[in-house]
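Each remark here refers to the structure printed beneath this line.
By written order: A, B, C, D, E and F. Residues from 1 in each chain.
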Amino acid sequence: MTAISKPPFENILITGAAGALGSVLRAALRPYAKKLTLSDRAPLGAQRENEVLHECDLANRDAVFNMMKGVDMVIHLGGAPRENTFQVILDSNIVGSYNVYEAARQFGVKRVIYASSVHAIGFYESAQTIDANVPQRPDSLYGVSKTFVENLSRYYYDKFGLESVCVRIGSCFPKPVDRRMLATWLSYDDFARLCVRALMTPSVGHMIVYGNSNNSVNFWDNTEAAYLGYRPQDSADKFAAEVYANTPLPDPKHPAVKYQGGSFAADGHFEDPKAS
Amino acid sequence: MTAISKPPFENILITGAAGALGSVLRAALRPYAKKLTLSDRAPLGAQRENEVLHECDLANRDAVFNMMKGVDMVIHLGGAPRENTFQVILDSNIVGSYNVYEAARQFGVKRVIYASSVHAIGFYESAQTIDANVPQRPDSLYGVSKTFVENLSRYYYDKFGLESVCVRIGSCFPKPVDRRMLATWLSYDDFARLCVRALMTPSVGHMIVYGNSNNSVNFWDNTEAAYLGYRPQDSADKFAAEVYANTPLPDPKHPAVKYQGGSFAADGHFEDPKAS
Amino acid sequence: MTAISKPPFENILITGAAGALGSVLRAALRPYAKKLTLSDRAPLGAQRENEVLHECDLANRDAVFNMMKGVDMVIHLGGAPRENTFQVILDSNIVGSYNVYEAARQFGVKRVIYASSVHAIGFYESAQTIDANVPQRPDSLYGVSKTFVENLSRYYYDKFGLESVCVRIGSCFPKPVDRRMLATWLSYDDFARLCVRALMTPSVGHMIVYGNSNNSVNFWDNTEAAYLGYRPQDSADKFAAEVYANTPLPDPKHPAVKYQGGSFAADGHFEDPKAS
Amino acid sequence: MTAISKPPFENILITGAAGALGSVLRAALRPYAKKLTLSDRAPLGAQRENEVLHECDLANRDAVFNMMKGVDMVIHLGGAPRENTFQVILDSNIVGSYNVYEAARQFGVKRVIYASSVHAIGFYESAQTIDANVPQRPDSLYGVSKTFVENLSRYYYDKFGLESVCVRIGSCFPKPVDRRMLATWLSYDDFARLCVRALMTPSVGHMIVYGNSNNSVNFWDNTEAAYLGYRPQDSADKFAAEVYANTPLPDPKHPAVKYQGGSFAADGHFEDPKAS
Amino acid sequence: MTAISKPPFENILITGAAGALGSVLRAALRPYAKKLTLSDRAPLGAQRENEVLHECDLANRDAVFNMMKGVDMVIHLGGAPRENTFQVILDSNIVGSYNVYEAARQFGVKRVIYASSVHAIGFYESAQTIDANVPQRPDSLYGVSKTFVENLSRYYYDKFGLESVCVRIGSCFPKPVDRRMLATWLSYDDFARLCVRALMTPSVGHMIVYGNSNNSVNFWDNTEAAYLGYRPQDSADKFAAEVYANTPLPDPKHPAVKYQGGSFAADGHFEDPKAS
Amino acid sequence: MTAISKPPFENILITGAAGALGSVLRAALRPYAKKLTLSDRAPLGAQRENEVLHECDLANRDAVFNMMKGVDMVIHLGGAPRENTFQVILDSNIVGSYNVYEAARQFGVKRVIYASSVHAIGFYESAQTIDANVPQRPDSLYGVSKTFVENLSRYYYDKFGLESVCVRIGSCFPKPVDRRMLATWLSYDDFARLCVRALMTPSVGHMIVYGNSNNSVNFWDNTEAAYLGYRPQDSADKFAAEVYANTPLPDPKHPAVKYQGGSFAADGHFEDPKAS
């Protein structure tokens, strides 16, 4: 973690704060702000000192604007966390993220850290090594929504100077449980380290960074994000024996093996219920 | 124009067919299909032989699905044609385009030609020459919606094999009227030529091509799209004297001059009326 | 054609001189050398003034060495012209070309113009635009042998200073007869123009150039070979109407349509008769 | 030429105006400014209407500052035109150009068009095709001074916003007289066309462009400068027969043939007389 | 080493198994297959449990086909290990490798790990850093044969889906003994680690990877092969003092120093005995 | 440090030897040469065994030539160490460096290690990661002079074979004292390590390498210089807490924060006193 002696920020807003990643950051970012504003549709648990809780839907513009006052940094994790119907993706990820960015602009937020995803580029092959400048190749409607926010955030930087770091998170779970996650796994602690670096780096402009731990197997070249100084401390490698023992030899031609997006690249997409 | 002796396609759907570009294609594509299906929210005028007219809103999923039956090729021009409130952009360009692509997938359409825009990359500087692989840099919410559809179409190709040609149209008007349009102007005839090539090229996969005429001044390197065989026949050059006489010496540092997106890159964005 | 007033070379050897391309060059290169040495396994017809004829197999080392004396430039067209059994490819294209290069080295030849082929890179997709520096992707054993000679010639330049121009010929026929050839067609006259430029350019080192005419539809970016000054004068475009009328709408997913190598990329390979 | 109806600029300063290129521009730029300021160490001939003449040495800072008042555009041709002792290069090209740029900055000049040279990149091989972003490889002290001014002008743009177009001139002479000039030749008229485009382009930032005519043989890829809209109208090709007849077959390994800089790359450098 | 609990493969064939590298893998790969098939022209020593031995020449097609039945993975090390006459290279490396690949295809082998070499790219300069996508530049006929197999394996993947990992081995010896090997040295253990990763990686397609240990001095950028997860554990650095003490200061202009291929790049090539 | 058992070089000249960096190398390079020649305008202190001291100005050609006799390697640190008037930069950095290179050429020096600077590329943004091939973007007249010597050294290599390693030094001080230096800091020991590697590498040609320690935060991709084998052993990271505690939260839009050159990019430039 970046060493600090007193909170550098006034008020950090974390959206999606009730989820697993939100809980990690709720604890980890405590030293970095005088106040933590936490938002989720789900219950956020007991309010701790210096916390402000907002149970709200990001698709509700007024609610989002209401909680943005006084915020200087945003960690935007909120939204549908996996593939869903287009309507759900539209409301949660597209409209919700627009509300977050537009409110951030109007209230003078300095920077947004956005939880993008491997699924923004999930149709690249596993055997390819990609950097952050390759054209997006989403593997799902979920992935398309991630590219939408990456591009939206670029627009807000180019036009209004609102900085963003988009973190393309691989697989942020307690531990890797399949062979693909030996490449994509991001430990909770490394995720927190990466977010701290994204907050503390002096000038980020608009930046895209891949989020995984120090895994020997890797899809990504993070050279372009060297200025962040992110150095993962964990590694999927120590789980490799367990993963190999528990999972079968893969078929190299199956889309879930061949593509970086894994099962997202292999599955069809949800029919919108009202569409039938 | 590509020479043909009989209509190679069964049924070409043109969305946004009542607009200026739609009218151009309505005439130009007549020889290429046994049937032309034309769609717009605005009146489409008298129905001609072999035409089917649909006055409908693309945000209306049922209407879109209804007109897609039997279609083998789609020219997708429909949607808001310039910057607007986020709600309008959302309904017209994002939801509308999703409906078009999802219907195309379900009905086995072979290929979609999508009217993307310079505004998908409008924050590159005029003095830069860019190709189709550079990261998108939209200059407006309108531009963000164009990048959304480009990425959505990539997803439909990567996952379902539905081919697309995304044409980043510069300035498709009767003639260039300012100095920026000496670079971006696309004549109506060249636009039709480009669409015909996008229809006739044997295998396009997912392709992005810039759409301007044979102008001496140029922002774009179309080398990547050489397989389309698009050769513009018109040029903004013949209007140069008129444009120079009618327009003042520009300020090189003004955003509308410095950036490829022109005034879109310089303007702020619309406040959604209901947001106040 | 490059203008000349007297033969700049002493003795140009053309291998494969009895074939269609060899016949074209036999006539076209006459003004460029005091003597033309012509070689083929097939009969070479009547000997004309200043010609030396060698009916021989390039796999015969002694025969190749015998005819190389006094030669200063080589046009190497000889070998199997399409897919065949490995044994035939090995003898005709690999052993034969080694003999040509080794003899050229030992007798101080200045430069070799080698007839490579689209099939050295035939597994790139038609919708991709490639330059001469992309990794080779042969579509056949024939194509593999073409990459062998390209690399062999690079070795002879890097180690011994023997210059080469490798021309990746598309489809060199009287006229284009299918839709793929609207991209790959190289007229006989343009082929001759390209060979003359390869002979006359002051310093070529080791160069790879794509060989097609001025076709609107194109797979290739020849920018890297700009120093050759090759400007094709013919175009497949004038045959487009005829080709469209005579050929069906292609299936974009068929390998012969999807890949630059056409049917070579789609076909399986020959069983060596003695292998069964 | 760019069509204009009245002079768009107030006062264009041409340094080195007494030389061949200066004389070309003195005539060609007359319609583009209300006043032409002409500077040279050599006599500038009779003063024409709307001209101001300054016979001065660019190494004389006061003289340079004196003539820069009221100037809005500068064409900077002045300095030693070929290899010389280091002292001469230092005074004429390095100190002189610094004076021009510093005066331009202090007097609010909008843009400088700088006559850079092929000799800034003369150690690339003739058989290589280079664009404007390759690292500089000067072939002489003269060439080093050209890279100095290119970098100086970049600094003045990055720090002070003073725009520059650096034109890497090939061989600007009445006609090509050797085989290398079949690639590098820039006709006087094309040089004037290029300078006019560099003046008239709305926003150039800092740009490097190669300057040659529409020659079939070419070292350079000018794609990056597409925004200038420079389209040469002349070509070395029409002189090819004459050049071939008058010049011997070149040795491909001689430095003057192998490198783009020609004889500059082959020659040693001048001993500074006072240095012995 | 990748942790495993039971043999993931049925039958791994190692060609060239009697050599130094073959012996390393014979021991190291034992846990990875139920059966090891070992082939060489030289004696293979005593047969161990679960081993099948084939003393045969790879140029003998029937012998190769005979031992390929039931094999699912191939480690192809066999062939001439250094420069030789063209006839030897042809038989051992070109014909032999064709037989291996064709048999692998016909018997449904899943993947081939091929021992390519630094000599496939030996004419790049030592001071250059290259990745796996640069054009091949062989430094010897031996190196040309390595490029042949790299391209042949690409063909077998593109057309038939037979996966390959081509390992460009630097200097695989007990320890580095000259200054160049401080860059190119690959320890036996690291070679085994790399082969295990090439076997165990879920989906490799066609991949080229450089093979050296964790040496501070390095020619190669292995970023493209990040998915393999190869992390060398040894380093030439610990031998540096010994090497410096035992070897003279090199001449930077000598081809054996200047080029990555070392002495292979400096030496002439073998005369085929029967060729005189 | 590279292990050595006896001095590999005859006579290493260090210019600017009285400064902080010179003092570091004066001690560190002692084992690498039989004689150390030390030069500076400032006093060099007591002469130690095997040292030769020259108090002189590098702008004095005779003095430079006088001390170059018998030198085989040069470490060129001398010159103005920060922004100054143009006249000072001209004399100290441009004329002085020319004298060093010209003397080195005339006396057969093998290699020059040149202390270039981050200020040669200081106008790249901090959030960009750049390698050594990007176009130079100096942030000051000082930086322009660094690009001058980089290009001058390239010329001396291309034309005369005089090798150079240009080290773009970040911030070589006892410890980092601001947030930017967490990226740019180069410890004295690492600087010495890098110089030793630049001396000992067998063949460097002309190379540019970035000089910083093993800092987590980084602007630069040193992949191109992998052959040097430079592995920093120190890191700014251990000073991070102290730096964060002592420095305020930066403004991301201030030029000194936004650009790699820091305050050099933000400051205006010196008026030459005599220019007023």
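Note that in this section contacts are C-beta pairs under 8 Å (C-beta built on N, C-alpha and C of every residue); 3 or more make two chains touch, one makes a residue touch a chain.
These are the chains along with the protein names UniProt gives them: A, B, C, D, E, F = NAD-dependent epimerase/dehydratase.
All values derive from a computational prediction rather than experimental measurement.
Asks: Keeping to the contact definition above, tell me which chains border both chain C and chain E.
Replies: Of all the chains present, none is in contact with both chain C and chain E.
Asks: Supply the minimal count of touching-chain steps required to go from chain B to chain D.
Replies: When the steps are counted carefully, the minimum from chain B to chain D is 1.
Asks: With over half of the numbers shared counting as same, classify the chain A/chain F interface as same or different.
Replies: On the two sides of the chain F and chain A interface, the residue numbers are mostly different, under half being shared.
Asks: Kindly point out which of B-D, A-B or C-E repeats the C-D interface, defined as over half of the contact pairs being the same residue numbers.
Replies: Among B-D, A-B or C-E, the interface that shares over half of its contact pairs with C-D is B-D.
Asks: Please compute the C-alpha centroid of chain B, do the same for chain E, then give the distance between them in whole Å.
Replies: 51
Asks: How many Å are there between the centre of chain D and the centre of chain F, using C-alpha atoms for each centre?
Replies: Computed from C-alpha means, the inter-chain centre distance equals 32 Å.
Asks: Express in whole angstrom the distance between the two chain centres, defined as the mean CA positions of chain A and chain E.
Replies: It comes to 41 Å between the two C-alpha centres.
Asks: Residue numbers in chain D touching 2 or more other chains?
Replies: Not one residue of chain D touches more than one other chain, so the list is empty.
Asks: So which chains actually touch one another? I want all the pairs, not just one.
Replies: Those chain pairs which touch are A-B, A-E, A-F, B-C, B-D, C-D, C-E, D-F, E-F.
Asks: Mind listing the chain F positions that touch chain D in their complex?
Replies: Against chain D, the touching part of chain F is residues 61, 86, 90, 94-95, 98, 102, 123, 133, 135-141, 143-144, 147-148, 151-152, 154-155, 158-159, 265, 268-269, 275.
Asks: Under the stated contact criterion, what part of chain A meets chain F in this complex?
Replies: Residues 2-5, 8, 110-111, 161, 163, 200-205, 207, 223-231 of chain A touch chain F in their complex.
Asks: Going by the contact rule at the top, pick out the chain E residues touching chain F in the complex.
Replies: 125-129, 179-180, 182-183, 215-221, 240-241, 244-245, 249-250, 252-253, 257-258
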